[in-house]
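Consider the two complexes below, in which chain A is the common component and chain B and chain C are the respective partners.
Right, the complex of A and B next:
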């Protein structure tokens, strides 16, 4: 099963909220994937085993896997595009 | 292997039902560190020796033994002390198998206590054994020895071995005390498996695990015995049964065993619970005839016809044959569910008790309450099966015995989850062989399976029932495949074959949509209820640097957080604020619960005059959060996010002067939730 990670400062609130919303979207679309919230300090460790990274802020670092804008899921602005990117990445 | 890893393994070997939170507290680790350590341990063994299930972690008995052999056996001891019950059993075992005087010092070394403690233990043991007509002889010079009827001493030895095996890490205890030789145990198990196939029986997993140990210790005792002994079996001519010569054959190379030894060992096998037996129904067999009469009595007393009578007869026979041998041996079976069963199903107990006379006529004595309760469980499970209805999910109950013990669990689970079709209660070994298709596994023993697996105790108390119901319902919500399968089975004949796949996909999407909206609705009950104390309206301008102090102050005053939590939040928030938000212009200062959360809490701070981040972004609302360890705050955050995504609501919140109106908005289910649902289901429609 493919894995999506969402990272924020603590891994307990913002990323959990985004992860929960992303889970709902994937369930509705019938896409099977695990979605996990992590804290930013552990990101490097988790990213090795993940397929998509949803970032809450603009990244200064480049990763080898598709990286999406998590703010879109919090504000609703640009959510459609980010959702499409997510679905494409999980195909 | 590092300190934390070794200590976690030791903790898991010596304890059952361990929660991740317990490991976090015990070893001062974060949740992530615990998970990392577990992953590292599994990596170092190249297999999952530690299995995670939700918030619980556990090890199978085989994994415990593997870890013990690799880490503790050569380098150090696993056990540092023993409780009285363990000391009692260890003393009985060593006195029985050594069959010589053992000094206080020798016993103290085995039990890891002082000589004085052993002296006190021996007083209690002596008193207890007197009731079993066994004497403990003591001499100042030589120490202690057991004397008495050989039959009684062997039965005592068998009971002590069973008690140790059923205790936590019992097999490892016997290894650590050098009381068993694992190669001999393995050989005896293989021989028992051959006996099983030769006489067409399948022992329960529990019995197949225990019997090699029991036989091993009885043989050790027999080897040391230098006098002849015999025991009388009333009425039954066991030597002329089909099973006896086959069982006797498995001890062909133990030439020191006497006929009495062989008879005793054979009885141990015959008195063991089985899950299958080709010998179960034999025409004209005394036990078979008694079983027919027993079922006749049940039907007459319950005024009902038992369906699949032959299968029921087989089940009853499987239990009663060993029960009769147990009765001949004078073994009292231990049924931990007896009292709970009697409390809950007293009427059925009275009916079964009235019906067991045919069995009592064979053994010439009354059946014990425990044995009758086992029979009740079989009868009751049959009655429940007769009432089964169409269900969507399939599940199985697994336990070590696969017999009556799991029947009550099965009945309990059936009553808790009428929407699940329980295919039955099996031993792990039997289930693996049959390969039945199920959606859920309920098991009393840890197993490693990819399907949704729930580890449950044999007796479910009220809290366990609530937790289990929540977990199972969550799993059912997330898994619509079985419902799709059921629906497709019904409608398939009416769909042109080329559209079957399309219809199946449509049904799948439709159900997923339904489930998602159900989750949203269900979340209502998990929401935090905002009181006016949870809301602050600040009309003055405030400085960015005061933001955390001001928003956290009400949480601190309500004693939901500590000062350390506030300080830590300031440090983390001011350097990571761009990652700590819940919607546009709504910031979320917080850190993990371990930094000082006493209870989950929220403070919604509405800034009538927005503050500004160092990046120049507006801060209109601050949600000061004291999160829960179990993430119980997440449903509320999702609701807040839905509210704040709605521009109209956001606008209303910012303009509103009345705190009660803001409270009402926060506690409502409105907001952008509907739009969110609409958005995510667009692809389906």
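Right, the complex of A and C next:
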């Protein structure tokens, strides 16, 4: 099963909000994947074992896996576009 | 009516892990969630309480003997163990009137938007807990629920005002248009801005430094498990433990710090269906207006400056805890001072050197506030049964957000002269803050 991670300052609130939302979207679309909220301080470790990274901050680094804009899931603006990218990445 | 009261107090007596999920289930049904989803959310909430209780108990069992040994050996009494913001949040949700803060926040935000008193739509319903916590502290001091709710309503108004003032600076730092952060911890800006204003007069404090290289080097010390390990080891040595016992303590400390966020995540899992439903409603309601979406602080978590400052503040906070007379706080789970470093990032506009100076100077304020609030948090743990403490164990939060303003609110709530005097000083700080941020907004607009 593919793994999606969402990172925020402590891996508790914002990331979990986005993760819950993404999880319900994927369930609706019938896509099986695990979605996990993680702590941004340990992001480098999590990236190694994940397939998609949903970011809610300005990225200073480039990662090897597809990186999506998580703000879209919080504000609702541009959400369809990001959802499509997510579905493509999980194919 | 009496029957209703009996049922209510019966459930209340069962403690937070049953009472709050019961409230959650009722609210879920009320906002027309599917029953199975509402039930699942409610049980998850109960699991979150018990999980937090386990981790806090584990932490206290490991740290309390070390703190006692330290006191016997050195005379330094650090009896109030720092459970961090996750503990504070757990206690807040356990307060019987906690859920009242949802309608209070929504109504105030809606009215202020309609009257054009703010441009921010706060969709961050997680941090409602911060306002609950404010209410809990005021309630603990004054014993009046009305004063407590008025106090937290004041915070709701102010966080929107700050979100408006900070919007351009946040947009510049994050590159995300139309977004701001409506976190209540930005209220501390009134304390930080006067210091920043002074420092800016000196040339050395206007030098730009590159924080990202430094973050790559020291960032690992801020990772929960590594930080817990080091603090545990240092505490063991200070308490006169053998190296073997210190190593055991450090691994326990690492475990506690790693588990706290893992368990606290359950709170958000439980609350997110409710928060999503409210969000959709609010966004639809204000779709046609030019608004800033108010989010939680982690949109700024990409800032290297904030992490560098938080990491360097860890040893500084420990040092202060040991030497400050009258401090009773043993800094631990809450030692990363997010609620200081992130507002300092906004106040200085990202100047690392000024952030460091400002945060170092103001760290004692946090420790003294945490010492002062320890009794209230401990009492709440007992009365709500959210956290089981043994006799003599004290719990607190070493980096309690906007400590000065929360203290002022508790004093104002008791109608003391100190409270009125400090409120006037706070208002002066706010006037400076507002003036500076409005000026900065114009400058940032001009740069574009």
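What to note about this one:
Operating definition for what follows: the second predicted complex is superposed on the first by the 91 of 91 C-alpha atoms of A that agree within 3 Å, B and C clash if a C-alpha of one lies under 4 Å from a C-alpha of the other, contacts with A are read in each partner's own complex, and residues count from 1 in each chain.
Rule of thumb we're sticking to: a contact is a pair of C-beta atoms (placed from the backbone, for glycine too) under 8 Å apart; a residue touches a chain by one contact, two chains touch by 3 or more.
Please read all numbers here as calculations on a predicted model, not as lab measurements.
In the superposition on chain A, contact is made by A:27 with chain B only, not with chain C.
Shared-chain residue A:9: touches chain B and chain C both. Contacts of A:80 after superposition: chain B is touched, whereas chain C is not reached. Of the two partner chains, both chain B and chain C are touched by A:56. In the overlay built on the shared chain, the residue A:17 is in contact with chain B and with chain C. When the shared chain is aligned, chain B and chain C each come close enough to touch A:40.
Residues 7-14, 16-17, 20-21, 39-40, 42, 56-57, 71, 74-77 of chain A are contacted both by chain B in one complex and by chain C in the other. Residues 7-14, 16-17, 20-21, 24-25, 27-30, 38-40, 42, 45, 56-57, 71, 74-77, 79-80 of chain A are the ones touching chain B in the complex.
Against chain A, the residues of chain B that register as touching in their complex are 32, 36, 478, 505, 508-509, 512-513, 515-516, 519-520, 572-573, 576, 578-584, 588, 590-593, 625, 627, 631, 633-634, 637-638, 641, 645, 672, 675-676, 679-681, 683-684. If you check the complex, the residues on chain C that touch chain A are 86, 123, 126-127, 173-176, 178-179, 212, 219, 222-224, 261-262, 264-265, 267-269, 272-273, 275-276, 283, 293, 295-304, 307, 338. For chain A in complex with chain C, the residues that touch the partner chain are 7-17, 20-21, 37, 39-42, 56-60, 71, 74-77.
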